[in-house]
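What follows is a set of structures for review.
Note that subunit A is present in both complexes that follow, paired respectively with subunit B and with subunit C.
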Partner chain A sequence: MIKIHNLHATVDGKAILNGLDLEVADGEVHAIMGPNGSGKSTLAQVLAGRETFEVTEGSVDWDGTDLLALPAEERARAGLFLAFQYPVEIPGVSNAYFLKAAVNAIRRHRGLPEYDAMDFLARVKTEMKAVDMKEEFLYRSVNEGFSGGEKKRNEVLQMALLEPKLAVLDETDSGLDIDALKVVAEGVNRLRSPERSMIVITHYQRLLDYIVPDKVHVLSQGRIVRSGGRELALELEEHGYGWIETQPAAPAAQGGRP
Partner chain B sequence: MSTATRPIDAFLEQEYTAGFVTEMESDTVPKGLSEDIIRMISARKNEPEFMLEWRLAAYRRWLTMRPPTWAHLRFDPIDFQDIVYYSAPKSKKDGPQSLDEVDPELLRTFDKLGVPLHERARLAGVAVDAVFDSVSVATTFKKELGEHGIIFCAFSEAVHNHPELVRKYLGTVVPPGDNYYAALNSAVFSDGSFVFVPKGVKCPMELSTYFRINARDTGQFERTLIIAEEGASVSYLEGCTAPMRDENQLHAAVVELIALDDAKIKYSTVQNWYPGDKDGIGGIYNFVTKRGDCRGARSHISWTQVETGSAITWKYPSVILRGDDSVGDFHSVALSNHRQQADTGTKMIHMGRNTKSTILSKGISAGRGSNTFRGLVKVTPRAEGARNYTQCDSLLIGDRCAAHTFPTIEVRHPSARVEHEATTSRIGEDQLFYAMQRGISAEDAVSMIVNGFCREVFKELPMEFAVEAQKLLGVSLEGSVG
Partner chain C sequence: MSALDLWRERHRALAPQLPGAGLPWLARLRARALERFADEGWPTSRQEDWRHTSLAFLEQSELVAANAGDAAAAVERLRAASPDGHWLVFVGDRFAPALSAIGALPAGVTLMPLADALATEADTVEAAFGRAEDGDSPQALNAAFFTDGALLRLTRGVALEAPVHLVFLPGGEAHGRHLRNLIVADAGAAATVVEHYLPGADGSTLTTAITRIEAGPDARIDHLKLQEEAEGAIHLAGIEARQARGARFASHSLSFGAKLARNDIRTRFDGEGCEALLNGLYHVDGRRHVDHHTLIEHASPRGTSHEFYRGLLDGAGRGVFRGRIIVAQDAQRSDAMQRCDNLLLSRQAEADARPELEIYADDVKCAHGATVGQLDEDSLFYLRARGLDEPHARQLLTYAFAAEALARIGLEPLRARARSALLARLPGGELLEALA
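Right, the complex of A and B next:
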C-alpha cells in the first residue's frame, strides 16, 4: 500500500506538485490522467527518487517505510519500478549487460541467487517473446537508436524481469501502434496480482479498454482534482479537461480516505 | 550537489594503491646535469667507450635545444639541475645476476605491485623485466627465451653482451636530436628493456617490463629497443607506478621499435604513474617519445596504450610506414581526472606503397582534467594507395573538464584515402538516474558506461592486462553476456 500525503515538489524553486494526495492499495491499478504539464511525470520521478525535484512538504508511506528517505537505487531494489516516458539511451552498454546487472542487483537485494549468463539468457529470452521483441535487441546498446515503440517495449520487458511491487508507467502507451499497445497492455495484465500495485499515467482512455483500472484520477496543476471509476475516463474523453472546471467541486476521492 | 556529481566523484576518488615507498639504501649520483654526471653514469654502468661518446654527443645537442611549447599543457618550467639522474638500489651489483641474489626487499616491492618475480609465483606465460629507479633488477624466463634465440634483457646488459646489435639499431628510429626530451634521455638514460627476436621466430610468451620509480627527486629515463627480424613476432607490455609524493618527478623515456620484412610488434602500455592529488600537487611528468619503424615490407606495428596516471602526459607513439604494405595501429585510452593533463596522440607517416594505418583514440576527462588528442597522418608523395582511418572519441564526466582534438592531415599522393571521425559525449545525470531506477548503483553505472566506451581498445590488450586495465579504470568486467 502506498500513501501519498500532501506532496509538494519544486524544480529550480518552481512549484510543480501542490499538495497531492493519493492512496493505492495492494493489487490495485490506478490510472492518472491530466493535461500536459500538470505534473504527472514529476509525480512519477519524485516517487522514483530523482533528485532534480525537491520535495518541500508532505510524505509518502510505502508499507510502513518512508519512501522519500530512500535513495533511488534502494527504492528500485525494494520493488519500485518506473517505466519512463522518455527512456534514456546509454551508448556503449549492451542491453543484455544492463538488464543482467539490474536483475542481479535486485535479486541480490531480495536474497535470491544471482543469475549466471545462462540462466539470465534463458529468462530474458522468454520475457522478450512475451513482449514480441527480437533477440537482437539484447546486443544493441541500451535504447540507442530504438524506435519510440521499441523503447516502450524495452521498458515493459524490464518491468517483467524486475517483478516490481509497485510499477509506475508513465505514458507507456504513447506513440504505440495498436498491436504494440495490446502487447504492452498484456504485459501489464500478466503482472497484475494481489501483491502488486500499479499507477498508469496515460492520455488515452483507449489504453484503459485493455488495462481496466480500479480507479481513475485527474491531475491538474499539481493536485488530484477528481477521482472516480473507469467511467471518469470516458467522460473526460467526451468532454475534455475543461469539463472538470465546470463541475461542482467534488472532493478528490483519496482511495479510501474518509 | 545533483545525482550526477555525487556518484561520479566517489568513482573518481578511488585511491592510488601503488603509492607506497620502499625503504632502501641506494647508490645515487649528485643532483644536476653536466658532462661529469654523464661520465659518472656511464662509469657506474661500466659502459664501452662508444656508449659514452653517444651520450655526450646527445648532451651537447640537448644544450642547444629548448623545451617544446606547442602542447596543450600548463606547468612550471622544470629545473633540470634539481634532478638526480641516477639512483640504484645498493645491493645491485654490476651486471646481470640471478634472482636468488636480488634483495628480498625488492622482490617484496614487486610482489606488492602484483608483479611476482620468483619462480613459484610468476605470471604464467609472461616474461618480466623489472626496473627499479635507474636499473633493471631482474628478468624472468631468460633461459626459456634464449632457447628460441630471443634476447630479452636489461638495456645495460645488452650494451655489454650484444654491443653490435645496440650499435646497429640504437637511435635509428628516434635520433638523439629528435626532440628536447629524447635528447635528454639519450644523454642520461638509465635502464630499460632490450628485445631481439631473430628471423622467423614467433615469441612464445608475452614480454613485459615493469617500471617503478621509488627514490625521491629522481628522474627515470628508460630506454627500450625492440627489434623483430624478418618474419618474427612479439607482443610486449609495459606497466608503470610510482610512490605518492608532493614533488613532481620527471620520467622521460624513449622507445624504439624496428620491424623488418613480415615482422610484427605489438606494444602495449598500462601507464599508472602517480597522478598527483586532487588539487594537482605532486605526480609524475611523463614526457615520452615512442616510435616504431615498419622498415620491412608487410611489417606491422601496433601501439596500444591505457594512460590513467601521471600529472602530465606528453606522448605520441608513432609509426613510420616505410615498407610497402606495412601496417600501423594506435589504440589509446587516456583518462585525466582531477588536475591531470594529457596531451597525447600519434603520428602515422606513410612512405611505402599500400600502407595502412588505424587510429582509435578514447579520451576520458573528469574532474578538472584536460585531455588533448593530437594526431598527424602524413602521406608522402611515394605512398601510393595509402589508407588511414581515424576515430577519436571523447567522454566527459562532470562539467569542469575539457577535451580537445587536433587532427592534422597532410596528403601528398592523390590515391590516398584518409577518413576521420570524432565524437564527444558526456555521462549525463539522466543516464545515471535511469540505471539507478533499475537498482544499479551509480558507481556501477559509471563503470559500465566508461567500460563500454573503452571496449574497442581493451580488446587489443593481452588478456591478463585487459583485466588489469579495467580495474584501473575502476570498472568491473563487462561482456560476460552480449
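Right, the complex of A and C next:
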C-alpha cells in the first residue's frame, strides 16, 4: 500500500507538485490523467527517486517504509518500477547486459540466486515473446535507434522481468499503434495480482478499455483535483479538462493548497 | 654538462655498436639527426605543437632502467588470446628471438627485425627510413639512436591474412629505447599490424617509437597501437603514413598507460580516392598526461577521412587532442569528418580538444566537432531506476562511452585485446567483463 500525503516538489525553485494526496491499495490499479504540464511525470519521477526534483513537504509511506528516504536504486530493488515516458538511449550497452544486470540486482536483493547467462536467456526470451519483441533487440544497445513503440515495449519487457510490487507507467500507451497498445495492456494485465499495485498515467481513455482501473484521478497544477471510478475517464473524454473546473470541488482537492 | 651534451657523448660511445654502423648513408643520417636534436633540444610549451605538453623536464630527469618482468608469461598470455599471427617480440631495445614466432610467410612478404634488415635489406630500409629532418626533435633523437623495430615489406598484390604482432617489453638500457618500424606495401597489398607496448616493472623509462607506413596504390594497412606502459614511463611516438592512389589506411591508437604519452599521427593522400580512418581512445588518471596530435593531408582529390577520438579523463589527468585536417586547393570532392569527445570523470581532470580545419578547395564535405562533458544524468538515473547501484551505473556508462572506439576495430581478437586492456584500467572492470 502506498500513501502519498501532501506532496510538494520543486525543480530549480519552481513549484510543480503542490500538495498531492493519493493512496493506492495493494492489488489496485489507479489511472492518473491530466493536462500537459500538470505534473504527472514529475510525480512518477519523484516516486522513482529522481534527485532533480526537491521534495519540500509531504510524505510517501510504502508498506511502512519512508519511500523518500531511499535512493533510486534501493526503491527499484524493493520493487518499485517506473516505465519512463521517454526511455533513455544508452549506446554501447547491450540490452541483454542491461536487462541481466537489472534482474540480478533485484534477485540479489530478494535473496534469490542470480541468473547465469543460460537461465537469463531462457527467461528473457519467454518474456520477449509475450510482448512480441524480436530476439535481435537483446543484442542492440539499450533503446538506441528503437522506434517510439519499440522503446515502450522494452519498458514493458523490463517490467515483466523485474516483477515489481508497485509499477508506475508514465504514458506507456502514447505513440503506440493499436496492436502495440494491446500488447502493452496485456503485459500490464498479466502482472495484475493482489499484492501488486499500479499507477497508470495516460492521456487516453482508450487504454482504460484494456486496463480497467479501480480508480481514476485527475491531476491539475500539481494536485489531484478529482477522483472517481472509470466513468470519470469517459466524462473527461467527452468534456475535456475545462469541464472539471465547472464541477463542485472533489474531496481530494480540498485543503491541499498551502 | 647539459643533458644535450650527455646525449652527444652517449652517441659517440654507442655509434660503433648501433645497427647499420657500417652503412655510410645511415651514419650520416644519424649524425645529422643528433646535431638537430642537440640544436633544438626537447620541445617546450613555447612551441605551438607542444603548448600543452612540454618535455623540458627531460632535460633534468634521470632515466631509470626498467625491468621486463616475466616477459615470456606476458607474451604467452597475448598469444593465447590471439592464436593467429606473426609475432615479433622486443625486450628493451632489441629483438628477442626466443620469445618471437614469425611463422611461415607467403611469398612476397618480408618481415624481420630492422637491425637484421639493415644487413640484408639495406636498400629497402634506406628507401623507407625517412630523413633526419622529419618530425619534431624527439623524432630526430629516435633516428640518431634507434636500435631495432620491425620491417614489413609486401610486394604487389600480396595480402597477409594474419596480423603482424609487434610486442614491446621494456628493459635494459637506462637511456631509453628508440624503436623504428617500417611498413611498405606495394600496389594492392594488404596487412594488419599491431604495435603493443606492455608495462614492465616501474621506472621512468623513455621510449621513442617511430612507425613509417607507405601504402602503395590500392594497398590496405590497418594499424593498431596499444600503449600500456608502466606508470612512470615516458612514451613519445610518431606514426607517419603516405597513401598512394586508392590506398586505405586505418589507425587505431589506444593510449592507456605511461606518465606522459605523446602520439603524432599523420597521413597524406598522395593520390586520388584514398581513405583513412583515425580512431583513438585514451585514458588517464592520477597525474598522467596523454597527447595526440594528428594531421590528415588531403593532398589529392576524392579522398575520405574519418577521425574519431575519445578520451576518458580521471583523477588529475590531462588529455590533449589536436586534430589538423588540410584540404589542398586541388583536392576537390574531399570528405573529411572529425570528432573528439571527452568524458571528465573527476573535477581535477582536464581535456583540451582542438580541431583545426584548413580548407583550400571549394567542393568539399567537411565536418568537425569536439566535446568535453560528464556522464549523462538521464542515463545514470535510468540505470539506477533499474536497481543498478550508482558506482556500477557510472562504470557501465564510462565503458559504454569508450566502447564506441573499440567497436571500430575490425578483427575480433584485437578488439578483445583492446577491451581487456581498457577494462583493466577502469574501476569495476571485472563487473563489466560480461558486456561483450
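Just so we're on the same page, the second predicted complex is superposed on the first by the 252 of 258 C-alpha atoms of A that agree within 3 Å, B and C clash if a C-alpha of one lies under 4 Å from a C-alpha of the other, contacts with A are read in each partner's own complex, and residues count from 1 in each chain.
Methods note: a contact is a pair of C-beta atoms (placed from the backbone, for glycine too) under 8 Å apart; a residue touches a chain by one contact, two chains touch by 3 or more.
Everything numeric here is computed off the predicted structure, so don't read it as measured data.
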item	value
Between subunit B and subunit C, more extensive residue contact with subunit A	B
Touched partner set for A:88, first subunit B, second subunit C, both or neither	both
Touching partner for A:120 - first (subunit B), second (subunit C), both, neither	first
Touching partner for A:138 - first (subunit B), second (subunit C), both, neither	first
Partner chain in contact with A:178 - subunit B first, subunit C second, else both or neither	neither
Set intersection of subunit A contacts, subunit C complex versus subunit B complex	48-50, 52, 71-73, 76-77, 82, 84, 87-88, 90-94, 97-98, 100-102, 105-106, 109, 117, 141, 158, 162
Residues of subunit A defined as touching subunit C within the complex	48-50, 52, 71-73, 75-77, 82, 84, 87-88, 90-94, 97-98, 100-102, 105-106, 109, 117, 141, 158, 162
Interfacial residue positions of subunit A with respect to subunit B in the complex	48-52, 71-73, 76-77, 81-82, 84, 87-98, 100-102, 105-106, 109, 117, 120-121, 138-139, 141, 158, 162
Subunit C - residues contacting subunit A, complex	376-379, 381-390, 392-393, 396-397, 399-404, 407, 434-435
Of subunit B, residues touching subunit A in the complex	2-3, 425, 428-431, 433-442, 444, 448-449, 451-453, 455, 478-482
